[in-house]
Amino acid sequence: MNVNNVLRAEILVHALPYIKEYYGKTIVIKYGGNAMIDEKLKESVATDIVLMKYVGINPVVVHGGGPEITKIMKKMKKDVKFVKGLRVTDKETMELVKMVLVGKVNKEIVGLINHHGRIAVGVSGDDAELIVARKFVLPDVDLGFVGEVEKINSKILEKLINDGFTPIIASVGVGSDGESYNINADLVAAEIAAALKADKLIFLTDVDGLYKDFTDKSSLISELSLKKCDEFIESGKLDEGMLPKVKSCARALKGGVKKAHILNGTILHSLLLEIFTDEGIGTMIIG
Amino acid sequence: MNVNNVLRAEILVHALPYIKEYYGKTIVIKYGGNAMIDEKLKESVATDIVLMKYVGINPVVVHGGGPEITKIMKKMKKDVKFVKGLRVTDKETMELVKMVLVGKVNKEIVGLINHHGRIAVGVSGDDAELIVARKFVLPDVDLGFVGEVEKINSKILEKLINDGFTPIIASVGVGSDGESYNINADLVAAEIAAALKADKLIFLTDVDGLYKDFTDKSSLISELSLKKCDEFIESGKLDEGMLPKVKSCARALKGGVKKAHILNGTILHSLLLEIFTDEGIGTMIIG
Amino acid sequence: MNVNNVLRAEILVHALPYIKEYYGKTIVIKYGGNAMIDEKLKESVATDIVLMKYVGINPVVVHGGGPEITKIMKKMKKDVKFVKGLRVTDKETMELVKMVLVGKVNKEIVGLINHHGRIAVGVSGDDAELIVARKFVLPDVDLGFVGEVEKINSKILEKLINDGFTPIIASVGVGSDGESYNINADLVAAEIAAALKADKLIFLTDVDGLYKDFTDKSSLISELSLKKCDEFIESGKLDEGMLPKVKSCARALKGGVKKAHILNGTILHSLLLEIFTDEGIGTMIIG
Amino acid sequence: MNVNNVLRAEILVHALPYIKEYYGKTIVIKYGGNAMIDEKLKESVATDIVLMKYVGINPVVVHGGGPEITKIMKKMKKDVKFVKGLRVTDKETMELVKMVLVGKVNKEIVGLINHHGRIAVGVSGDDAELIVARKFVLPDVDLGFVGEVEKINSKILEKLINDGFTPIIASVGVGSDGESYNINADLVAAEIAAALKADKLIFLTDVDGLYKDFTDKSSLISELSLKKCDEFIESGKLDEGMLPKVKSCARALKGGVKKAHILNGTILHSLLLEIFTDEGIGTMIIG
Amino acid sequence: MNVNNVLRAEILVHALPYIKEYYGKTIVIKYGGNAMIDEKLKESVATDIVLMKYVGINPVVVHGGGPEITKIMKKMKKDVKFVKGLRVTDKETMELVKMVLVGKVNKEIVGLINHHGRIAVGVSGDDAELIVARKFVLPDVDLGFVGEVEKINSKILEKLINDGFTPIIASVGVGSDGESYNINADLVAAEIAAALKADKLIFLTDVDGLYKDFTDKSSLISELSLKKCDEFIESGKLDEGMLPKVKSCARALKGGVKKAHILNGTILHSLLLEIFTDEGIGTMIIG
Amino acid sequence: MNVNNVLRAEILVHALPYIKEYYGKTIVIKYGGNAMIDEKLKESVATDIVLMKYVGINPVVVHGGGPEITKIMKKMKKDVKFVKGLRVTDKETMELVKMVLVGKVNKEIVGLINHHGRIAVGVSGDDAELIVARKFVLPDVDLGFVGEVEKINSKILEKLINDGFTPIIASVGVGSDGESYNINADLVAAEIAAALKADKLIFLTDVDGLYKDFTDKSSLISELSLKKCDEFIESGKLDEGMLPKVKSCARALKGGVKKAHILNGTILHSLLLEIFTDEGIGTMIIG
């Protein structure tokens, strides 16, 4: 008898209570960071998502694609300029952003997932006007085609989920002026999760979660109330990368999502570890 | 990071191709032998079945209950008599058999499974006349209320499966005369599998499978064609315990079932090992 | 022309307003007393139930089986002991109770009904955890495995009704400890009726109904308000057999059932007489 | 105890096997003769039809209205002229025929039935072009707007039946020329029954059925094969009133209807007598 | 290239916003006046209705038939008598009214529409007791069988609409006494529209709409609030023909209909002009 | 009265027979040529498609994007090289092709259509593995990632159509090796039409259709049999641009599509002109 196989069976059986808990639930995953770059991590996320779908969970993936965009812009000798962490996006840049996000990054994720189960369907904010955007206005600088979410028309997502598919969403919105807008994918994920009344919103990042004191690795926060989370946002202690994620968590919880998570996506199978273990991983914020 | 958890996640992911393969398929399991006696094995079978249901497979369980019946008959000081491996069953014995199978053994299995997921519903041949029986006639001896399957009215099973339940079937049939008949559970399992056009029929036994030569443990047969299986039956080499199982395999395959398996149910999680590993375990007969 | 047939046709036509009134309604029947012993009465109840189903009513049957249990216990030389009308039930007795109720009494009712129409499916509290029980605790005596209803998981009943079947329920509950509990069938019937929001709950008893003064046969009460019923319960006038039935009526009405009835089940076709005649029979309590 | 009620219950129970036999079946009834004139018979037919619907049968009624038409024509001093049993129908007569059949006779039947159960919906050949007609051409005489069935568009009937209604059909057809045509209701009933693949087609007439020898009342034929029926038609023995009925029976059976019946509609509840008794009444022709 | 065709395409495209606006909405049309007499107008209304159905709108037609009734009554030498604009209707007249409305006028409309698309099904108040009526009582004169609406049983309409049909309704009601009642079709249209929670109720009349001052053709009112409409009714300025229509508009709006319209039905395609142009035609009253 | 509006209404009514004819039918449109470049033509196609959807037709759009790709390649200073009309596509070019087709051209079409009705959803061959491709192998030259259709997984299209959406398909396929392949959009359109058993396949081109003799503008062929079409293909008379279209027509007809059309997409509303006029436009090939 193969000892390995016995262990295998036992581990499957240990997953049962978690499978039962999340059966039929919707989980929105903001995909990003190294988990979108490293080949092994990409494979790991893809299989995690297919597995989730097959055991009865409805995963929905939202992604941006900053590094890829910058890479291609440089190749095309375009200037890359950021103001307050937001990419200044002229018309030509916006066109490029969209081509990269929708025509490259999105379809790569779709392809990776479909390799393990023919379930992924890529959509952008254009499709059935999923993400209606408006220009994001800063007092003293014109960011160009940087937008914020005005409305989510979630019908296309609900139909795709119902039809047995997993939507993979590129964070590009469409304005009522017909223009495309580049929107921070963290915020899109929060709005999508709220519109779908998702059970969970999970951010895959490159750090282990939130720290009380970022310099002290032992101060990782494993659980946080929405109230404490709001205080954290106000405190000014969060850095530029983490702030939109934490704000997005708060936004989603206020919109009816039950739990938001910040995970270290550089850990193999971080999604499964969060969902299929008692202790979970990373930081969980409870609405 | 908990190493154990990482392994756990990887093993879940390795199950994915098998989950996909059996998604929506019906698997009939003839439950019996030590797997129905040993506490740890009972738990193991129960969890395996709930897990199968949650990952999208439709398990259907058929059971007898010989040892339990004999135990209670002895307690009640009734004589136990067998002819050609079949229990001579007078009216009073039949009543006892039914009470034990339907009122004790069946509900114990139901309870064990429901402990892990509220999905099990016990049925006997009486319910919606699932198993219509006729008297099994031997030329020179009257076995009493020993029957064989005349017809399976599978509607109740199809509805229960469709409604999200797992039927647990006690092998008692009802005659057109209104009498109850004790039917070999192996044969019932085969007829149920054929009526449901199941993908697989699995026999949980106390041995590792079929052997070319029973005295030579190295001669275990891992795969067998239906044709070879028929020759085996004709050969006279099979003992009294194995013969009805092998005949039932052949019967099921001829009735449209794709594969029949004889497994060692004394191995923990033998069902998962068969379904979720490439090599499988035991003997597989292909239709 | 056959005069008999003309009468037959006219009587069918006279049933029409009643058929219309109860079309699609759920009626829970507590089956017991002589109607469960006398062969002719058993046939009569079985046909009444099948007829109800075919003319569009949804009957649901709940039964106990006291006399049968006592008979078999005596046969097995077990002591039979009652405290305050409740059977003291040690572990071995409980096992026996369950075998008799589920494996004998229940399946006999199922068989009788199916003889007239293949619609009956037997269930006990174990199936899909229909009846969750807890130990019934008396201050000064341990009754053993005597239980009361903690929760009804009615999904299995709703699905069976919807699928065109008639559930026949044995009054055995399952505890969260996995143990079986013997529960008074009157109380189970009331809880089932409340959980299903039944239109009617009918008790088949061996008397004509409730009497103002039990010694005066002319004082039969044909109709009673819930308020008066509660006063009756408080009055202390009800005997040990009738008290749980009347309490169960009150419980069901408070749980949303519209009408509760106490009928004389020793009258042939008492169910049809209640449902298909203007005057009805027995005592009706209105919520 | 009311003796009458007991009988009532027993008779209901005796109807059960017939209710089971016809559950979900479609029965087309050609309504006519005295059953359409006599008040008591009209009530009797109306209740029979509602009862059939409530016990799960799908009755469909087809009617003409010859006597009523003649009565009104006379009132309006129009000449009434018949050739070979067919009413010569000029344009003005056709208009009158339609007003009487659709606006008077049909709605009276609808009203009578709805009085006992709100299920009847009147339709004529115009509605959703149910009955497409063509002119019936005789070699030497122009009958005007007398038609025959060209096509039945049964969708409207199937939808009404499915929605829980009972269609009452006036035998008026619509030509591809937009004109209305008067069609023999017997033939319409046969075509409707064939289009619906009805289980039974029943003709309500004023006689007991077919006779071997019409002058010998003891020669009533209770059962007839389609082959014998065809021979009968050829024999020339059938009178002008019976011939179209017998021809229509043959037509329906050839179109897939299982049984055709010629009943005496002047017997109260003749429909129930045919359907709910073993011996039935009248003449049955088997396809 | 055919210039005409290009124009044709462009006009189709211009209809798109209107098609979108009314997609899936219910519009009740009171059909009457010259639009029911003139051959060309009749064709125009029929095609408009079929087109509405095919582009996703659910039209429902209600009609009376005064002029046709009077014509036939005269032909039959019956006296025609009106009191306060209401036809005195004795039993014989009522029978005639019904024959004309249901058997002639209704089926003519059905036929005209079906000529362009097999969708029309005629119903009267009798069918499934769509229109339950009671006698309309005036203090000092007995109008006979003139009724008012007591209740609308809209199930038959909802089912027909859902099944893809367009109901054409004759304004005849049925009393709880089984008698037929002649009801003003304007009022029936209002009650039907309210029962169906229609989006629009449209009256086809012979004038352009409501005028502030009827003698001044330039004073046509194009839009009116419900409040103003009520004042108008109170003002006494409305003539006998217009009053019931305006009252019906008010009644419908109070019953939940969104908009009521009074159009000139003598304009070809007046329905399409109202629905498919920005300015609409006639007078619109808003609830 | 606005004369224009009357004409408008009449033209709508004239469209009715065509709306009826194509109700519920699937029409695959290969979008390309000037109709994809000229702003006015783009608007015209977008409105035509939304109108088709709203009047009950199911349009499906397939597009390539050659000129846009070449434009961007030049901008990026990539060499553009064609062999036998096929773009030599190295890995980097393929990435660019995909970004342009999926991230730019596809979403522009989606946006244009959604501006008139929120129905368009963009998909590429990646989504749910809609288009499985294999490398297109020429004997003596390696074209790189130029592919041909191996299989169409049409489930995603069927679900989207059923859910009320209009799929817009970019002609990029995915190989079983996970690589993307550039496939001629004409061939993709043909395979999609065949897989969907479409009623029509329409090619929007820059010419009026097929000519017997291309130099003689009077020799336009308005109708062609599949047989003649095959002869035409063999004849060698077709130029490089038209050949794949004509071959694709033949392929689609052989795959079960009823009619294929080659239209001049530079005519405004060419789609409506083809569908909503008797004479149609361009060349029709009949299967």
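We call the chains A, B, C, D, E and F, going by the order they appear; numbering starts again at 1 in every chain.
Here is the rule we use: a contact is a pair of C-beta atoms (placed from the backbone, for glycine too) under 8 Å apart; a residue touches a chain by one contact, two chains touch by 3 or more.
The model shown is predicted, which means the values in this text are computed figures rather than measured ones.
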| item | value |
| --- | --- |
| Subunit F and subunit A - chains in contact with each | none |
| If a chain touches subunit B and subunit D alike, it appears here | C |
| Label of the chain whose CA centroid is most distant from the centroid of subunit C | F |
| When subunit D is superposed on subunit F by its C-alpha atoms, the rotation angle in degrees, nearest 5 | 120 |
| Interface residue identity across copies subunit E, subunit F - same or different by half | same |
| Most remote chain, CA-based centroid, reference being subunit B | E |
| Whole-Å gap between the CA centroids of subunit C and subunit D | 46 |
| Between subunit B and subunit C, centroid-to-centroid distance (C-alpha), Å | 35 |
| CA centroid of subunit C to CA centroid of subunit F, Å | 68 |
| Residue numbers of subunit B (touch at least two other chains) | none |
| Graph class of chain-chain contacts, one of line, ring, star, complete, other | ring |
| Circular arrangement of chains, read from subunit D onward through subunit E | D, E, F, A, B, C |
| Subunit D-touching residues of subunit E, taken from the complex the two chains share | 75-76, 95, 98-104, 107, 110-111, 114-115, 118-124, 126-129, 153, 156, 159-160, 163, 165, 174, 178, 180 |
| In the complex with subunit A, residue positions of subunit B that touch it | 1-2, 5-16, 19-20, 23, 44, 47-48, 50-51, 54-56, 116-117, 267-269, 272-273, 276-277, 279 |
